[in-house]
Amino acid sequence: MDEYIIEMIDITKSFGDVKAIQNGQFNLRKGEIHSLIGENGAGKSTMMKILYGIHQKDSGIIKIRGEEVRELTPRVAIQYGIGMVHQEFMLVGDLTVLENIILGFEPRKGIVIDFDAAEKEIKKYINTYGMDIQPNKKINQISVGEAQRVEIIKTLYRGAEIIIFDEPTSVLTPQETVKFFEILNNMKADGKSIIFISHKLNEVMEISDRITVMRQGKYVNTVNKSDTNKNELAKMMIGREIFLNIEKKESNPGKKILEVNDLWTSGEKELSKIRGISFDVKAGEIVGIAGVDGNGQSELVEALTGLRKVERGKITVDNVNVTNLSPLQIREAGVAHIAEDRNTRGLNLKMNVAENLVALKYDKEPLAQGIVQNRKSIESFAKQLISTFDIRPNNPWALAGSLSGGNAQKVVIAREIDADAKLLIAAQPTRGVDIGATEYIRSKINKVKEEGKAVLLISADLEEVLSLSDRIIVMYEGKIMGILNAEEANEENVGILMMGGETEVSL
Amino acid sequence: MEQTNKYLNLLLTILLSTIIGGLIMLFLGHNPIEAYIQLLRGAFVGKLNFGTTLQKFVPLLLTSVAFLVASRVGVFNVGVDGELYLGAIAAAWVGFTFTSVPGPILILMCLAIAVIVGAAWAYIPGSLKAYLGVNEICVTILMNYVATYITSYLVNGPLSAKTGVPQTPTIAEGAQLTKILKPSQANTGLFIALAIVAIIYWILQNTTIGYRFKSVGLNPMHAEYVGINPKKTIINSMLLSGAVGGLAGAIEVLGVYGYFLDGFSSGVGFDGMLVVLMVKGDMKMVPFVAFFIAALKAGALGMERYTGLPKSIVDTIIAIFIIFATMENLFSFYKKKRIKTVQASVSERD
Amino acid sequence: MDLGTIFDYTLIYSTIRASTPILFATLAAVITQQGDILNIGVEGIMLVSAFSAVLISYLTSNWLLGIAVAMIVGVIMAMIMAVASIKYNADITAIGMAINMLALAVTKFGIKQFLGTTGSFTDPKIAGIPRLHFGFLEKYKYLNGIFNNWSLMEVIGILMVLALTFVLYHTVWGLRLRSVGRLPMAAETAGINVKSIKYQIMAISGLLGGLAGAHLSIGYSKMFIENMTNGRGFMGVAAMFFGGANPVLAWIGSLLFGLIDSIGGRLQAYGWPSQFVLMLPYIITILVLSVSLWRSAKRREKMKSSLLQK
Amino acid sequence: GCSSQSSQPADSSKEETSGDNAAGSKKLRVALVYSGFLGDKSFNDSAHAGAMRAVNDFGIELKELESKEPAEWESNVVAMASEGYDLVVCVSTQFQDILAKHAPEFPDIKFALIDGVTKGDNIVSTTFAQNEGSFLAGAAAAMFTTKTQVPNVNADKVIGWVGGMDIPVLHDFFVGYEQGAKYIDPDIKILQSFAGTFNDPLKGKELTLAQYSQGADIVMNVASGTGMGVLEAAKEADKYAIGVDMNQDDVYPGHILTSMVKRVDNATYLVIESVVKGTYKGNTTEYLDINKGGVSLTDMSVMKEALGDKFPQDIPEKIAELEEKVKSGEIKVNAYEGFGRK
């Protein structure tokens, strides 16, 4: 079909022993928005990274505007007018917005970069698409939303006609998403062709012209939006029907376990400093914290768990003052913590599963006598957790780094739930985990609550917060915008608070 | 599978550097076969030669392990040389000062002071790294100079034997370790070193201390999160590393020299670092590679004595060997083939 | 003690003079560090280059040729490191140390093989890099003492600092290099060939290391002595860390070394124990590094503080 | 315990004699073990020169082993002894203890120690009165620094001294140098620096330039390889230096007033000669002082030629006079702790 400007046929790709893609098919028509959906690890990013020349395909054919391209590198892809906004932003923190945009395509006067010309050029895109950015700020100093706009302008500046967005909305508020879709539609109107990766079916149904589904590295189907619906897509993605909404029992809050009083901390970014927040979590309830990534949630969790210095204010756990204690002391006071980033905090990817599972008890009886570790008890301890939490493969000596995202996350969950603490802080417990594992993890967290423990749930996934929490705290720029009871909260009013807006129900 | 590849790699590396070294010798007009025979002879044949290999092996083994311990937490302790010097002079001081103490106790005292001094010295870069984030490679390199000057001052001033040679008085007879394989300088320090290394390996493999080192070394962010204090762990590993470095110095003094001599050891700490980098952190290989390097060095002495070939040729070979040994997929031709066949079978199936 | 003879105007030029051998090494480390490569092999690159410079200058009596060959040899050494670390994934520190060891060994038998002597070599036939003499300055005592008779290399050293600053912060290549060092994926996705840039900076580092060596053996002095670098490459790396890989700040670091060295030389003459004077530059560097990091950590913390906002 | 090695000397001597077409009688085999490297243009090279003279004169077989590492010094000495060399010459004070320890293990081998003293039936020691030679050098420097008729010499009474490593034997040099200078002029100021190493000419140069900038016109080096930098500084700054160990006057003619020659070459030659001639007698110490020609200043002829009539003729005259006084004992030169006549 010569109308396609992109054709990817029979693509295969392995990483070592991982067959990331086995039968990849994808095509794109000029001027359409084509969504690529699938569970975590389905191979979406890999497909697109192959198209953009970051990964080399093992076999298969790629045609761009009908012409077969054998050697693809990012530079070649860019020459063919392909641009990509990555799942993880490709922005150099130390450099300015302007420098990041022109990187690789610098206008020059002799050998010197012509910054003035660059700025003029960029203004064009800012105006055409209504994307507001500050060219001379360093990347470190801007917000996630702005960073995404920088990424988009970067691809446009490079003359992209075909633009790949890898899960662009996962870091945006519902309102920002609306604005982002406007930009997408503008671009489409401008004749650009767009590939949109997501696993949020609502969004996909809203924005796409066509939809391609992948599952476990294999191509499933491509459908017109008009010929399908959410349920059908979900079935194609997962291979079975699934219901994420877990049954929430009436909560029965007991005494206050966590009390936070006028807390102030420093922050990675200007907007994420915590500026005087107070709240509490009671035994037997789940308090959810909603908010767009980067509004202080991470800092809050770090302050609560001793990983960041508290500048002012007080934190007590079961009436014990834990302000500015060490992570170990806080854990000993009765806090367990599912870290938001399993790859850097939650797990030691280069240690094996058993070593990861014992990380909280490695020096306690019976895992160790004195300073001597007991290999046998470690093994049986690990095996038991592995079977309880259905971690696959069930090999305690496998490297944690070799596990899939969902199983890796289960290791973290297993360890932290096994800690049997009075307070469980669960930060982004299902981020980047596929639907099956998500369901499992959410039910486990709910079970912790039912056992009468306090749970503080932090998630960027609004649906997750809404479906699990008894009370919902909305954070914006390091402050609490409102605390809502589960019954009165919905996507809309929480979304507005997440944007820093006002709503009647705020208390 | 992976394991055998690693050892095969090492063998190939040795072979390749040997060949290159041979070519250099040919170029310089020497007979490489003859030279290598003399090299082997210089390393292994006869008590003197084999003893010299052992004598060089002991400090190299200890400095390798000292570097290894710090590298377990991700710290590059280039300062083992400094720790060795200060440990050595401290041991010498105890050895010639408390001469009335019975031998075995005096030996223990010497080793203990060396351990303390070495650890204390390593504490400085360790804490600077842990608390201020000062690059430890930089600091330890600089501190080596400082340590050398401190010992030089001591040995020419307050601790001088005043004999015209920059050395301390000789330590008490009883504190001197027994020589084995006379007339070489190999001594019972070998057994102390082996015992220490065994203990340290055991600590690293089987104790909670080792677990903490590993955890911090592989991912300090994770370690902090599960309640291990990365800063303290870094400092602890540096203390242990420094202790082993100091011990290496003490054994040199008690076993080989009987006194501290200004500038007595040039760069064993560096050599130890290279050993560890060559085996890419594989603890079990450390003693073997350390022994291999020691044998090469001792053999080089012999080669120079018996053939007139300069020792620097062997140093060149060692350097080439290190360069190749640290490369990762130098001999990957067989690996590549394997992957290709895997792919072939995949496409056949599809 | 007569402070006047220690801190007089001649200290200015002597600081420059003492810092230049380190400066080139510093810059060689700076350029690679910008691309996230810790080049600890500068020491070895310098040593082999110093030897080549003397050898060629002695054989041809042409200092320019000496410098040229030193630079070529520097690049060859750097390329060995580059191939090993970039292509074959070798640990860069290990390779650096191995290169240092190789340099020591190769020059040791190089002296014997090519110059027929051992240990050291000096000969009137070695053509040295010229000094810049301005007749008109002779009339003024202070200007003359400070600015006259600089070695060509001392001037080039300062020009190099400026050139490097310009290249890093104003040119296309500099921008790309900085992105490669900080987030290689970003560079890669911008179509920049990361490996190629890494090879390029290693080559430049080799050129600078070559200059460093040439300055040592036919600029600063006219001789070659075994291990004559004597840790100057390492000092260069330390100065690079001092300046956080910024050429100007790193230059200040090497000036600091030069200054302490010069003052130290003068202090010794007043009976300070030599060892204490000799260890001063090292101790002061460690102190300055620590204090500057401690202060910048504090500053960062303050900047980050939420209490100061709003 | 060297019996196990008996095969080694046999086969290596076979190799060597096969290449030797000289008279049937076995050559005397001599080994020189250094505590550093040749090419220092001073101490070690001087010993080497003496040994080469012996090779020429007596046709001996010579083996030289260089090394900077103390551990290797010891094993080199032992190895040479085990190899059955007739005479093992240890060229440095640093071998004192090593010889004391190992010489008794090889009663059939003759040892010699240059520049140090060790007792033993098979050891001959030679020491030098470097303090006496340095006394003369100090006196010459002190006179020279006020000779303003010489280009670039100021009236300030300041002279310099740059050493290598800060080790005792260097202090023995310095003590004499200082005494000599003060003998000429009690008000003279003597700048003293150590480079901390024997092979960093750049450091030596920097230290020397620093001393020049502090008013010294002439600087004595006792610094082996580092000293090369001292001499070069003299040439470059158009100032003056004093050489050491060997005659370094013509390294940079016109910039090196004189050299304090330590006749290491003679000492080496003499001990080899004694073995050749059969006069070797163990457990003796040769103290090569100024009387025996063990130390001396050069005649300054190179300098004289370079300076022409600006050359201060009174210096060599005064030095000759002082030399007599030292020889006769009229002037007693101090020695550093551990040195001097024993």
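Order as written gives the chain letters A, B, C and D; numbering starts at 1 within each chain.
Convention: a contact is a pair of C-beta atoms (placed from the backbone, for glycine too) under 8 Å apart; a residue touches a chain by one contact, two chains touch by 3 or more.
These figures come from a predicted structure and were not determined experimentally.
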Query raised in the report: Would you say B-C or A-C is joined by more C-beta pairs in contact?
Result: B-C
Query - subunit A and subunit C: spacing of chain centres that average the CA atoms, whole Å - result: 45
Query - Between subunit C and subunit B, distance of the C-alpha-averaged centres to the nearest whole Å - result: 29
Report task. Would you kindly tell me how far, in whole Å, the mean C-alpha position of subunit D lies from that of subunit B? Result -> 36
Report summary line: Residues of subunit B that touch two or more other chains sit at 149, 152-153, 156
Report summary line: The positions of subunit D in contact with two or more other chains are 166, 196
Requested in this report: Indicate the residues of subunit C shared as contacts by at least two other chains.
Outcome: 273, 275, 278
Query raised in the report: Which chains touch which?
Result: A-B, A-C, B-C, B-D, C-D
**Report entry** subunit D to subunit C touching residues, read off their complex
**Finding:** 36-41, 44, 66, 160, 163, 166, 191-197, 199-203, 205-207, 209-211, 213-215, 225, 228-229, 232, 251
Report task. Under the touch definition given earlier, write down the residues of subunit C that touch subunit A in their complex. Result -> 170-173, 175-176, 178-179, 182-183, 185-193, 301, 304-307, 309-310
**Report entry** Complex interface listing, subunit C residues touching subunit B
**Finding:** 38, 40, 80, 84, 88-91, 93-95, 97-99, 101-102, 104-106, 108-109, 112-113, 231, 234, 237-238, 241, 273, 275-276, 278-279, 282-283, 285-286, 289-290, 293-294, 297
Report task. Report the residues of subunit B in contact with subunit A in the complex, numbered from low to high. Result -> 206-211, 214-215, 218-219, 221-229, 343, 346-347, 350
Report summary line: Counting only contacts in the complex, subunit B reaches subunit D at residues 46-48, 52, 55-56, 149, 152-153, 156, 160, 162-167, 170, 182-185, 252, 256-259, 261-266, 301-302, 304-306, 311
